[in-house]
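You will see two complexes here that share chain A, one where it goes with chain B and one where it goes with chain C.
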Partner chain A sequence: MSVLPWLVAAWLFCVGIYGIVTSRNFVHLIGCLSVCQSSTYVLLLGIGYQWGAVAPIFYDHPPGTPAVDPVVQALVLTDIVVGATVTALLLAMALQVSRKHETLDPQKLRPFIDEGRR
Partner chain B sequence: MTALVPLTIAVPLAVAALLIAIAHFIPPRLADAAALLAALASAAICAVLAIHTMQHGALTYWFGGWMPRPGVVLGIGFGIDPASAGFAAFIGLLIAATSVFAWGFFDEVHAHFHVIMLLFLAAMVGFCLTRDLFNLFVWFEVMSVAAYALTAYRLERPSLAGALNFVVVNSIASFMMLGGVALLYARASTLDFEALREAIARAGDDPVTTGAFCLLAAALMVKAAIFPFHFWLSDAHAVAPSPVSVIFSAAMVGVGLFGLAKLTLDVFPNATAPQSFAQGGFAALGGLTAVIGATMCWMQRHLKRMLAFSTISHLGIMLLGLASLSATGFGGMLAYLVGHGLVKGALFMLAGILLATQPGADEITLRGRGRDIFPAGIAMAVGALLLGGLPWGILDAGTQLIGATSSLGVAWIEGTVLFGTAVTGATVLRAALRIFLDLGPTANPEEEQSPTEEEAEVADRPLWLMLAPCVFLLALALIPGEAARRFLTVAVGFYPKLAPGDLAASGAEWLPWLSVFLVVALALSELLRDRFPTRVLVARDALLRPIFFGVRSLHTGLVGDYVVWLMLGIAGFACALAVV
Partner chain C sequence: MSTRLRLALFAVAQLCLLPAIWKIARALPPFGNPIEIYGRSIDTLGPPLRHISNMVSAVNFDFRGLDTVGEEFMLLCAVTGAVTLLRGIRGEDRGAKAERLPGRPLLDRAESTILVARVFAPLILLFGLYMVLHATVTPGGGFQGGVIIASGLLLVYLGEGYDAWRCLAPSRVFDAMEGGGSLLFLLCGLGPMAAGGVFMENLLPLGSIKDVFSGGLIVIENASVAIAVIGGFAMLFLEFMEETRAAETENER
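Here is the complex of A and B:
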């Protein structure tokens, strides 16, 4: 396996984090979160990949044909499902925020402002 | 007996699925009762398993009969030992008590609240019992998604903002966790705890497994709210509906810490770098968390936010116990998890009672208003004293055991534990005395204005119904520490890699009483501050104001800042792991 998928995964993660940290709009922030998450897909698929191997479906291959690791693919599928759930939930929350407060800026949406008394 | 294992999660999941299908046709009370029974059933099965494993040794259940073959572990297994099953039973009991507390609270959303609560329960139980790393991740995610939905339930500005911070930080944590799982799989080609342990031992000090530990430990510490990953907790716990806060503070964060303990003791016991990092780094982080949490707690006037910061402080104390990697420390952590969960659950229920019967949960504006509901005041004072180290019950057994680890080389542990317990206990006692006994100086104009928005919770339940589960939890917390120690002596025996330790150990006799004295003295010194000479007050302010200002300015409420802290924490972990 080449080093490229590892670099791509690290790059995607860092870019996503940069976007989240500097974001001024929640929809943009949620997009950045998805970018971060795709780094885990790349990492997992990169780990299971083998040059010259087939997809792990043995319908038209005899058993024993070299195939890429099906376990990591199952992990990626599970992760995609979870990611979709979280993104949907976050977007629903962002929708409620913009409906009620007419802003999507994290800077204007702090849960407790000027809390504390000393 | 093995056949009971899948039922621990199948029962709540099945009842949740059934409830969501028929919720619109059945009376709401029936849904309440079904959820209560499902939680109790799950707790009972876990308790039976805990007792069985105490007598007959650990159990392993392979889902779908996928038994491991020599060298190949493909199946997903649940591994039952008394500590895991006992903790899972505690969670079930807590959910049951909460559903009594929330009786009728969420009527207008039909049974959705119960459905999510049962999912939450199944996820936490699965997380405690599983012995498969990816399965652990899946339960982690189910737990998180259920928690996200419960936090944002009220759909108002603070709750949405708190929930968004919570979701973003915890999602990044789950990505890191998955990255850690992937790295371990790349090295070991298996996900089973036992097989992983052997593979890590074979690999020796390998940078890939060390990196995996770094990512996994950081992710679990986000869940367990350890500095510098704790910022989301105070936002989320303070804005969630109070029955949800009960579960968050008493169970969910504890589950994160329990996962961290399992990872360190069960998966990485043979890796030198993670083990030495756990001893040094966990102790440092635990101490910092305990001190920062307690300081922030003292500054709060919103009851739920106050309790949230106290939870952070106590989590730091528990991490101090784990850091010793000894039977004494781990046993102390387990006792502390349960004892703290019971006390903190009861205190969050009391905050919920105040929210339901009074306008808001602000310590200053509620001054003297609690007189009509004085039984709640007694319960709150008892909770405050227990939190502050009253030498009685399970929480005290945990404090004693964690304090006893200081003989193993870290002499300042006892001091940190004392600071955390005394300051958080004093803060809660201060609020209780102010609200229920009308003590304290009348507010000056700058304090008159409540910084939080008006809030109130549904008040359609009689006081006794809300108070009963709260008193029940406090009564459980008063179970003598000896019983807890007997259970722990057997339970820690299932973790052979722990350094041997004495489960009957305790610190100095006078230490808990010093803590209780400090609790009362600190609370009264704030409430009776009018009686002190002005010079003393000026000196105190000059001394404390910069500290308070410094600690508070870290907690900005801005999600971008939290993520920066998260990355700094990870970078620090990586550096520490590279050095040790």
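Here is the complex of A and C:
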């Protein structure tokens, strides 16, 4: 059972990366990227976990009680917030792509050629 | 390139990475074992050194505050990039009318929707505020609370409609919040240097543990992060919402 968290992280990452490689739509691709990102959350929280430990909040427990690793929790916390804004940035880029190329399919995209210069 | 070829190429690339992946997988600590010394030291030393009980906030805003400055500016860059991309095409004016398919009837908002939104929007805003204020005491903090408050703003839109929402939440306010919050956070780092300390040294009085205003500088940093996160997320909502509006001039043409 103790490898289960690592397997979940690996599975999430593989599912996400398979989606990215075979994606036919940028919005789907950005969703897959978020799935990949979630695998890092599982991995980090798994590394910081300790059997029988409490949350790293010493309000009800006196300081010194075994607690899980607060460093990875802080990492995951900021990662989620920053990840959400980066997703928004990518979606804005997808909007631009669909305006310029009239497609959202990454496999149909060609390098943008300036019509005026040709 | 066909999907099959793409997958084959990807598999080859993975094969090249396999030795590295294997090495890392072997080096992973067994799940549930006692945590690393760094985390354990923070768990032990955090409460007596900083007089706060939430160690995640202690890591974010004090012990690894420098990293959070980086995160904060990643947030600022991502929001600025997204907003610039969206505004770049549309300009700064706000669309007055919603774009809709011709022939589709315009339905009034259901009264039950208004009721639910009016009941829950203040509650969610209050909960977000609670999360922000109790960063040093119980689970919560500027990042989480800021996102909750910004999501509560969406409920205001759902209940009151677009115009009322824009009047309530002008985009200039959010611009100022996003930039100002990041600036305040940076000043929290630079201020102690001006006073002769090191970057982000906690020079303020620490207060007593389990008190909302304990932690000295952490309280201010937490507030600045909350302000920046609220501003950033609200701005993103606003700009994406504006994408679905038709400009008035185009409508009249």
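Odds and ends about this structure:
FYI, the second predicted complex is superposed on the first by the 109 of 118 C-alpha atoms of A that agree within 3 Å, B and C clash if a C-alpha of one lies under 4 Å from a C-alpha of the other, contacts with A are read in each partner's own complex, and residues count from 1 in each chain.
The rule is short, and it goes like this: contacts are C-beta pairs under 8 Å (C-beta built on N, C-alpha and C of every residue); 3 or more make two chains touch, one makes a residue touch a chain.
Keep in mind the model is a prediction, meaning the values are calculated, not measured.
After alignment on the shared chain A, the placement of chain B and chain C results in a clash.
Once the two complexes are overlaid on the shared chain, A:39 sits against chain B while remaining clear of chain C.
Of the two partner chains placed by the overlay, only chain B lies in contact with A:13; chain C stays clear of it. In the superposition on chain A, contact is made by A:93 with both chain B and chain C. Contacts of A:110 after superposition on the shared chain: chain B is touched, whereas chain C is not. Once the two complexes are laid over each other on the shared chain, residue contacts for A:78 go to chain B and to chain C alike. Looking at the shared chain after the overlay, A:101 reaches chain B, while chain C stays out of its contact range. By the document's definition of touching, both partners, chain B and chain C, reach A:22. Applying the stated touch rule to the two superposed structures, the overlap between the chain B and chain C interfaces on chain A comprises residues 17, 21-22, 47, 71-72, 78, 82, 85-86, 89, 93, 96, 107.
Partner chain A is touched in their complex by these residues of chain B: 134, 138, 141, 144-145, 148-149, 152, 155-165, 167-168, 171-172, 174-175, 178-179, 181-183, 185-186, 191, 235, 238-239, 299-302, 305, 364, 446-447, 451-452, 541, 544-545, 548, 552, 556-560, 563-564, 567. Listing the residues of chain C that touch chain A in their complex gives 1, 3, 6-7, 10, 25, 28-36, 38-40, 42-44, 46-48, 53-56, 58-60, 64, 68, 71, 74-75, 78-79, 81-82, 85-86, 89, 137-139, 141, 143-144, 146-147, 210, 229, 232-233, 236, 239-240, 243. Interface residues of chain A, counted against chain B in their complex, comprise 9, 13, 17, 20-23, 26, 29, 33, 36-37, 39-40, 43-44, 47, 71-72, 75, 78-79, 82, 85-86, 89-90, 93-94, 96-97, 100-101, 106-107, 109-118. Across the complex, chain C is touched by residues 2-6, 17, 21-22, 46-51, 53, 55-59, 63-64, 66-74, 77-78, 80-82, 84-86, 88-89, 91-93, 95-96, 99, 107 of chain A.
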